[in-house]
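Once you scroll down, you'll see the structures, which are given as structure tokens.
What follows is chain A paired twice: with chain B in the first complex and chain C in the second.
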Partner chain A sequence: MRTKSIAVAATAVTGSLLLAACGGGGPASAGGKISDGKVVLGLLNDQSGVYKDLSGPNSKVAIQMAIDDYKKKYGDKAVAKDIEIVQADHQNKPDIANTKAQEMYDRDKADIILDVPTSSAALAVANQAKAKKKLYINIGAGSTALTGASCNKYTFHWAYDTAMLAAGTASAVVDQGGKNWSIVYPDYAFGQDMNKSFTAAIEKGGGKVQQSIATPFPNDNFATFITKAQSSKPDVIGTMAAGGDLVNFVKQFNQAGLQGKTKLAVGLMFITDIHNLGVDQFQGTQFTDAWYWNFDDQNRAWADRFKAKTNVRPSFAHAGNYSAALNYLEAVQAAGTDKADDVVKQLEGKKINDVFLRNGEVRAADHNVTHDVYLAKVKSKDQVKEDWDLEEIVKTIPAATAYAPPSGACKM
Partner chain B sequence: MTAFIQYTLQGLSTGGFYALSALGLAVIFGVLGVVNFSHGACYMLGAVAATVLLDTLGLGFWAALPLVTLLMFVFGVLMERLLVRWLLKLDPLYNFLLTFGITLVLVDLVKRRYGVSSLPYQVPAGLEGRIDLGSLSLSRYQLFVSVFSVLVCLAVWMLLTKTRIGMIVRASTEDAERSRALGINVGRWVTPVFGFGIALAGLAGVLAAPFRAVNADMGSNFIIVLFAVVVIGGLGSILGAVVAGFLVGLVEAFGQAYADRFSQVLIFVLMALVVLIRPAGLFGKEEAA
Partner chain C sequence: MSQQLTQKVDVELPAQSVIPRARPALRWLMLAVGLVVVLALPWFVYPPVAMDIAAWALFAISVDLLLGYTGLLSFGHAAFWGASAYSTGLIAIKLGMPFPVAVVGGAVVAMLLAIPTGYLAVRRTGIYFAMVTLAFAQMLYFLANMWGDVTGGENGLQGIPKAFFGVELVETDAFYFYYAAIPIILIGVFIAWRIVNSPFGRVLVAIRDNPARARALGYDVERYKIMVFVLSAGLAGLAGGVFSISHGFASLQELVWTTSGKVVLVTVLGGIGTLWGGPIGAAVVVLLEDRLASSGFNGIGIITGTIFIVIVLAFRHGIWGTARNGLTSWLNRRRIKTGQRL
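Showing the complex of A and B:
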């Protein structure tokens, strides 16, 4: 009796699997090699807090664009026929990110997690990726630890990191004669990391850091910090504040009458920051951008598609999410399966040129994705020709100089 | 020495702003006995309202100053009439929780409507740049905020101590029963006083808009510093709020100059010390503690 029921159940299961395989793949394709019959992309980022605008829900639109492009390119030959996006809000908290990542991998059967701004949250997700042996491509977080001491086989770092921001901005500004710096940084993991990277890059270029001032985080009154930073009469004041703190800093910097007198360099800035506050406040500020929508026709065409769906221009994080999702699907296509180890093999060492990555390479040694980045300058009001036309690209920083070589700390 | 004077000036100018921002908190506690946790959210509403007025109606800073203050007064009156009033007779904790809940609702509503990123707002014309006095210099706008704040604090203090209205309000709070027996309609004064306190929060918000990031979360951290100010000054004491505002401004400025990363911690060290030595705060009445 019992044997019989097991047999019936087994037949039923096999039958439904067969059906699923046929329905999903068709006889000519490798559809059966896709786990659970579909590829699930998990988007885990800030859906309600400070990083919502720069990535947030609009990154889902970008990932959907990648899925559409993949399907259009391969049509009937696509290995992944059924592709789904799941998304969750991690509120920039590592503990929530950790739980959500587990849920995505286990319950939602996500084959990959994308984005995850906030370094501490990204590190938590990288650990989950390692434990579950599933992919994670980071776009939103900047910590070099992801490709250093905390690197692992399943984690990739796509868009930018603190070393690249420092190498770009610091060396460019030093080259232009900004030799003496005061650095003001928020006293937590990201700020400390940025302070170290910037100091190293400034000194390497022959500049000097006169003082490094640590501020509480978050903080809304910077008046005396700015006076103190100015007291050593530096050529450049570099701020590592981000989000609302950056706005506080810049407003008070300008009110201290320093705009146009002492050069302001911003460690990490997104186009959404400039757009929300207006070019007046930031005019002339230099920073490193991983991607700019109005850089060339290719970027612009993609940005037009994005704008048609969202009514805003994309940040580099949006374009980064698109590029990461598309290249993941391409890797699935090349591997003929969504098995993580096979997909990783396809990605490692891959050279990529797409709308986001120029001269891009997925470094096999540490999974850092290096590519050309840009030194940008905020336009003045009379230079702005249309909405979101906010940046002037001063120069392209080639991938080789933009990124630090693989750190010895990374053991795959 | 120059640096020292420079930091002192900066501390005093920040202090003026703190004093004004904490004033409404002190007035409401002094008169109603309500610890208004939504003060930070009302400050945020004031700042957001200023940017919205500019955006939609083209009304600048000088128009926003009285207009937003008035709007926030009406908002405060409604809040008292519809919500706070019903919990006045209960343990003060209930109103503390109520106003905390109001904060959450207001912050999320603003996020929903205006997003999470900061909204743009410029320094009003004529107040840009800085004033140089020899080797000393101060931001023109900061100086304006500071002087304006002190004037408002003075006016409020005069209103409460030197006028008949102030006398009635104070009598009503000192001893509601006896005041009633003397023919004073105590209940009548509660609502406008609450509205007045909320209006002060909104006023501080408008003043903050040109030099602070305007977003839904701007009040969440600020309220903590303001609580430190009123606890140091003595809950409910207007003079206390003003003196403590300046004190906290100075501690913060010198903290930033000489102990950078600890500048915020120092404020709370000061608060802890004051509470240890004088539990009711510098100017608080011991019995209130």
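Showing the complex of A and C:
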């Protein structure tokens, strides 16, 4: 008897709760020009792994600098008075990035997500941006799919992409006589994309790719792949490894006694990689850089401010985050609201010149942000005049030739 | 008489349920509390995280069915969770099916995959069984990685829709989606409960404790093992399908061996051979990961690893097993004091 009454009571409680659940809940929407009374910038990147140094926590400092500059410029006239940064670690995994992006938009009420290195993770965040109809400006990821087949109205690609890296580095190296290449690339989206872009650029310049060697990702031991790459006696060995893998690759390349013998071309390199491994391991290596802190006085002044807060010099990803955050806030100012559709309208087609973007343009067709980029060369030890003085800018590649035209695969 | 007999078995097997059978009232109460918690969860926990807890709970239960009730340590259960996650996603994307249909489809795929694996694996026990299942899971992982045209490779399968007969609230709002998807999980739990509390379940326990005697009694041990393996894969498949629909995403992470490891950890943490242990372990691990990640702490593995070591060393029956044993002895003492019949 007692059993039965308890069972009945339990059913009643459960049932009523279920009814209550169906009645209430759900998100509440707030009025006003600025949603929830404040603008929230979400920084989603690698806070603990191989891509921590090249962007990571220091990008928050860069974004804060953008907020300070915005507030200073507009003062009382600022549309966004209350601006907040939230950040999360996606550990370079697409599934975590997917969840974190959803949380940022829902829980933290983020109006925009910035950065997101690792192409697969960036693609997941782009999908969330599309579903939630909120902005996402990619800085850290290189995949051209973001402005190609996977493009959408709310996603922008700010700093660099694989086609631009290939066009810069590959054609320059081929021009200097590096005709025969062996390419070693990590076997995942970014590496495959890089291999394709580089092969196309090399062949366009009249060079030849003798072999393309796929390696696991991530990977520690490159010795066998380096031996194999060297076996066809190429002029150039091109590595598409990035971050920690690149550091390992170059170490082992040099230990194999190839430094100075076979030319090394690096697909994607951040100044933090050079700084971590030491300039003598890389010296003479040519690569494409999206931005260099010691390029001119404007860059240097900004880098000084950055160094005062972080004690390191900024990579191009840091400057890219600053530029993206600042231009987003400018667009909010111009639109008078943080409503995503209005802000997108402000950004599309905008021509920008700031500390990061030179001759920059936010292409309306595919949301790729094109700008002047640089062919850089790692200095030798005796050329280094101060800490972080690691690169020599060989030439500026104008925006028009640096970036491929809109692919046509993008349908907004 | 039969009551006495089961109780006798219980004394020999501490992993078996004691309280529910001893006091049906308590059993109802626990079930009601469990249901209330399940239904109230998205009010207190961010709904997608609540959905994760539910999916992981069923996943852990599916492992418990093998580990706790049959004594088989599958170290490749991510294969079924992940295979279903991908299949569910593909069915939802390519065929535009409502998500419950897609999830059931995913579970069927997981069960079909489990037949050959189970056939090979159950011939071995212990570490060899674990290795065969692991090898199979790794095979599937590399298949998914290589077969980029279908699975998206490293990029994962993105943009899985939550189609639900055109009910827009469910399709766009995670809060309502939870209530639409939770019945699938509850049905899975009910199936597990039915399996455990059936003659079939009794045979499984007998196989766990003494396969030779079970065989001598005329039970086809291998066949029973294959059956429970396939059923377990089906439950893991249901869980994996709900998970991928909830996230709108299926990634290689679903198939990688650390996921197999994590679900074993969750199960052992909660307490094996209990069914309740899985949900409790899942709640602890998922909530902990969520809290730690959002507080910006990086060493999640250190914390869960430490908890795991403490649990294994100090509380061998897991969180639920230990709590239940404590409760049982307390109740028994009280009964003796008040002179109540056991």
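In the analysis below, the second predicted complex is superposed on the first by the 380 of 412 C-alpha atoms of A that agree within 3 Å, B and C clash if a C-alpha of one lies under 4 Å from a C-alpha of the other, contacts with A are read in each partner's own complex, and residues count from 1 in each chain.
FYI, a contact is a pair of C-beta atoms (placed from the backbone, for glycine too) under 8 Å apart; a residue touches a chain by one contact, two chains touch by 3 or more.
Since the structure is predicted, the reported quantities are computational estimates derived from the model, not experimental observations.
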item	value
First, second, both or neither for A:36, with chain B first and chain C second	neither
Touched partner set for A:228, first chain B, second chain C, both or neither	first
First, second, both or neither for A:68, with chain B first and chain C second	neither
Partner chain in contact with A:341 - chain B first, chain C second, else both or neither	neither
First, second, both or neither for A:48, with chain B first and chain C second	both
Partner chain(s) touched by A:255 [first = chain B, second = chain C, both, neither]	first
Which of chain B and chain C A:281 touches, first, second, both or neither	first
Partner chain(s) touched by A:304 [first = chain B, second = chain C, both, neither]	neither
Overlapping contact positions on chain A, where the chain C interface meets the chain B interface	48
Footprint of chain A on chain B - complex, ascending	3, 6-7, 10-11, 13-14, 111, 115-120, 122-123, 128-130, 137, 139-142, 210-213, 215, 217-218, 221-222, 252-254, 256-257, 260-265
Chain A residues touching chain C - in the complex, by the definition given at the top	2-3, 6-7, 9-11, 13-14, 17-18, 21-22, 25-27, 47-48, 87-89, 93-96, 98-100, 102-103, 106-107, 119-120, 123-124, 127, 131, 145, 150, 188-189, 217
Interface residues, chain A side, partner chain B - complex	48-50, 52-53, 187, 213-216, 218-225, 227-228, 231, 244-245, 247-248, 251-252, 254-257, 272-273, 276-278, 280-281
Residues of chain C touching chain A in the complex	24-25, 28-29, 31-33, 35-36, 39-40, 42-43, 46, 48, 153-156, 158-159, 169, 173-176, 179, 247-249, 251, 253-254, 293-294, 296, 298
